[in-house]
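In the two complexes below, chain A is the common chain; its partner is chain B in one and chain C in the other.
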Partner chain A sequence: MSFRHLDHWAEVPSLVTRLAPPARLLAMVAVALGAALLPMGAWPQMAALLVLVLAFAATARIPAPAFAARLAGPLFLVLLASCAVLVLAPGEPLWALGPIRVTDTGLVRFGSVVGRATPALGAAVVLVSTLRFPELLEALRKLRLPSAVTTALGLSYRLLYTLADEIERLRRAARSRNAGHGAAGRRRTAMGIAAASLVRSYARSERVHRAMLARGYSGALPQLHAQPMDVRSVVVLLAVSAIVLLVVSSAWL
Partner chain B sequence: MAHIPDGFLSAPVLVGTAAASAGAVVAATRGRARFAERRAPLLGALTAFVFAVQMLNFPLGAGASAHLLGGVLVAVMVGPWDGILVIFSVVLVQALLFQDGGIAALGANTLNLAVLGAGGGWLVYRWAFILAGRSRQLLAVGIAAFFVAVLTGGAVAAELALSGAVPLTPALVAVGGSHVLVGLSEALITVGILRMVRRARPELLADAPLPSAVTRRWVVGTTAAAVLLAAGSYLASTRPDALEAAVARLGLDRVGVATSLPWADWWPGGPWGRALVGIAAAFGLAWLVFRVAARRDGAL
Partner chain C sequence: MAALIEVRGLAYRYPDGAQGVRDVDFGVRAGERVAVLGPNGSGKSTLLLHLNGLLLPTDGEVRVADLPVSEETAPAVRRKVGFVFQEPDDQLFLPTVLEDVAFGPLNAGLSAPEAEARARVELRELGLEGQAERAAHHLSGGERRLASLATVLVSEPEILVLDEPTAALDARARRLVVDLLRDRTETLVVATHDLEVALALCPRALVLDGGRLVADLATADLLRDPDLLERHGLSAPLA
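After this line comes the complex of A and B, so read on.
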């Protein structure tokens, strides 16, 4: 197993996949930030950012059903969380069911939260679908994220699915022994699995460290496939930033 | 809703929380060149562990289940700074790859889950550890896990209210209240896991330094004073105190204030801005006192 199930369209030749990873990451951050900076009720600007994201998805050749399916999960969670905004905001009541009242302000805030979250989530879906995890790490390194974090992320990438498989094996073993009766028993079993994984993580980190030292590790992980920041990437990044800036300014001016 | 999605927070809150989180992450990595050489494999393994174990559901009964936040667990194992880095790495991957928490809201989520969750969790753990003693280490862990989950809920509610998404009181009741339950489950799970770890590998939890007698007296004294103050406030008289009575008798309360402090109107953001400055100043002072005390004990 690996994160490869996420980046299905990383190998598909397109303008998006030809961009340098830092440019792709920064463009996504620009769209997310731009959406977050929009005022409540800026519907045309929210729609404009969504159109920009959809254009990117089309350029990256991500099929519409796949894009929608990937967007649906996180968007559902946003909708769920936004329900609190819908009923908690004060204002003129539009609809009431007992103590639950939907107000005009609540409706605008609910729409604004969903409208701002959708382009940001869409941009993240495009990024994840077209960027391999090592490329993401390379982009984070180039963007001067502390090496402590990128090194830990790089190593956790190697270990995560090993650990997830191990947890699944331990769960299967516990089930085969009929371990854990009732909620308390199942909880104790889950805690035992977590504790065993934690202890094994420590042991594995010690083994990995020794192996890394044996291979000449000196504090920095080697970088493969470093893609330079070319002119095309810079131009596209500047264009996306300019569009986002224009959209956000038009909402505030 | 510990992971805030994009769309909920306003620009000042996004900028403020991002600046605070960036400062904390930089502070966690600064001057620690030994990190990459010796600690990287351990932190990588712990990042993977937190990520993997968050997929595991812990049954609570009555059909409910919970998952681990992990801030206090990691901070107790590797200390506050490394704990902040581990949880920040987890939050970053969750936001970038799984859209669990917003990209623009990354600063707020890092502040809530890594800085408060791991850094703040370690402070509460140390405070409770000093009061409870080494023999009740797991009790201190449980107290820290509970308080930090509630604190995280309170922080989320405050950020939502500051952004104008929802009023503060309902947000505190809804988000903070639900995090009381999250805190109970977090304490239960964290203590349960660490009890088993201590049984299998006691050396992994044994390096918590004991405080000096002076520090312990300070902690016990200030805690007792805080408890007395909190309890005493309920017993306080509602009638005016001596100063208020004297001011009323002399008629000074009817005299308008001719001058005010020169910087009274300078702070932006009205009462919220002044409250934030006050919180930041109190936090800075407490951090300074803690650093001096911890350095004397050799904890840092």
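After this line comes the complex of A and C, so read on.
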């Protein structure tokens, strides 16, 4: 499995990738928070936030198809989770299929959920696409997320791939002995593999911890490429926050 | 000359009650190269973990450079003893090789630019400069082993402790690792099943069996004693 597949655009030089990771994280959180605070039916404001996110994506030189592909997965889940709103909300029926009726209020609520989710998820896509995972961790650390959380995230990211390889080896070993005939057999094999990987992961975590201690680990993962919070990052962060504030307040006033 | 590593009456019992090692006594002088040999489960890894303070004796004492190994002295001991684990994936836990190699120097208090510079020099010396930005699982078995060695050598320890450094390597990678270790000047303690590697690297051998030290002799003499080898689950190289 490619380790770098998530970090491709983090290597592309751009105004966005030159910003300090905490500034990028906070700016994207501001956009997501702003989107969440918009009232229902604030279409121009939702569009404005989406334009802001798209401008960031374009500045970061993320190709439109790649951006859309990364956005599609989480957005599909949002659509799936919120489509019930279409028929559950009371209001004037617009369209009916037997007992199922789509109401005008339902349509506005559904549109608002999607309209808020799109810039918020887009901001998350820009963030994870332009930030290497260690930088994201460093940003979270700078923002005072507990060290236990950031350390656990960092190790999980690295060891996820080792675990994936280990599971693949176990699956291959099972297949080589013709394991898993029929649905019940496949379930049993899958459970066996899951149990074995769990035990192995535990043993590996012990060994990794020893290897960390052996090299002077004392509770915090030091960061090699700590990018300082420079003036430009602060200015961009303030500008984004101001735009978001303006957009949100224009929707409520 | 006083011993750089002194192990006296060492015993260790695992929390599940299994006896790892017992009554182990030996010393290693500065610059000496010692192989720790024995069959699976003989206590080699358990013994090695004590040299870095990763396990603390249930009984007896381990001293490294005159420091008694304990919870309090463990950080100081670990600055002197570089430990290379059997499985490189356990040792390479950060997103890139460069970050992994810089991990020790950063923990020792070096600034990020200093640590990065040292890590890059070490990677260059081991022929891994092109792999610095890659993830460990993208490396071949031999490269991974070299990278795990780099993570330790970069901190310039006085003592190198290696657990099965040639396990699961092909002939070329095994030769590379042996040549690299042969040229080092640090005190070397190597646990291995591979008697050829032991002979190539270490003039002295400790044989463990059932957690006890059963022989402490010249590696060449051990290889000339088929009975001793046979008794303790070892066998001379086939050719």
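To be clear about the criterion, the second predicted complex is superposed on the first by the 250 of 253 C-alpha atoms of A that agree within 3 Å, B and C clash if a C-alpha of one lies under 4 Å from a C-alpha of the other, contacts with A are read in each partner's own complex, and residues count from 1 in each chain.
Everything below uses one rule, namely that a contact is a pair of C-beta atoms (placed from the backbone, for glycine too) under 8 Å apart; a residue touches a chain by one contact, two chains touch by 3 or more.
On a predicted model such as this, the values are computed, not experimentally measured, just so you know.
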Should the superposition on chain A be reported as showing a clash between chain B and chain C, or a fit? fit
One more residue to check, A:222. First (chain B), second (chain C), both or neither? second
Of the two partners chain B and chain C, which one touches more residues belonging to chain A? B
By the touch definition at the top of the document, which applies to A:198: first (chain B), second (chain C), both, or neither? first
Using the superposition on chain A described above, determine whether A:214 touches chain B (first), chain C (second), both, or neither. second
Pick one for A:112: touches chain B only (first), chain C only (second), both, or neither. first
Applying the document's definition of touch, where does A:134 land relative to chain B and chain C: first, second, both, or neither? second
Quick one: angle from chain B through chain A to chain C, Cα centres, nearest 10°? 90
Which holds for A:159: it touches chain B only (first), chain C only (second), both, or neither? both
After the superposition, what is the least C-alpha distance between chain B and chain C in whole angstrom? 8
Across the two complexes, find the residues of chain A that touch chain B and also touch chain C. 3, 133, 154-155, 158-159, 162, 204, 208, 212, 218
In the complex, chain A residues that touch chain B: 3, 6, 28-29, 32-33, 35-37, 40, 73-74, 77-78, 81-82, 84-85, 88-90, 109, 112-117, 120-121, 123-125, 127-128, 133, 136, 146-149, 151-156, 158-160, 162-164, 167, 183-184, 186-188, 190-199, 201-202, 204-206, 208-209, 212, 218-220
Over in the complex, which chain C residues touch chain A? Could you list them? 49, 52, 54, 74-75, 78-79, 82-83, 85, 87, 89-91, 93-96, 98-99, 102-104, 106-108, 112, 115-116, 134-138, 151-152, 155
In the complex, go through chain B and note every residue touching chain A. 1, 5-9, 11, 14, 25-26, 28-29, 32-33, 35-38, 40-49, 51-53, 55-62, 68, 77, 85-86, 88-89, 92-93, 95-100, 102-105, 164-167, 170-171, 174, 188-189, 192-194, 196-197, 200-201, 204
Where on chain A does chain C make contact in their complex? 3-4, 132-134, 154-155, 157-159, 161-162, 165, 204, 207-208, 210-218, 221-226
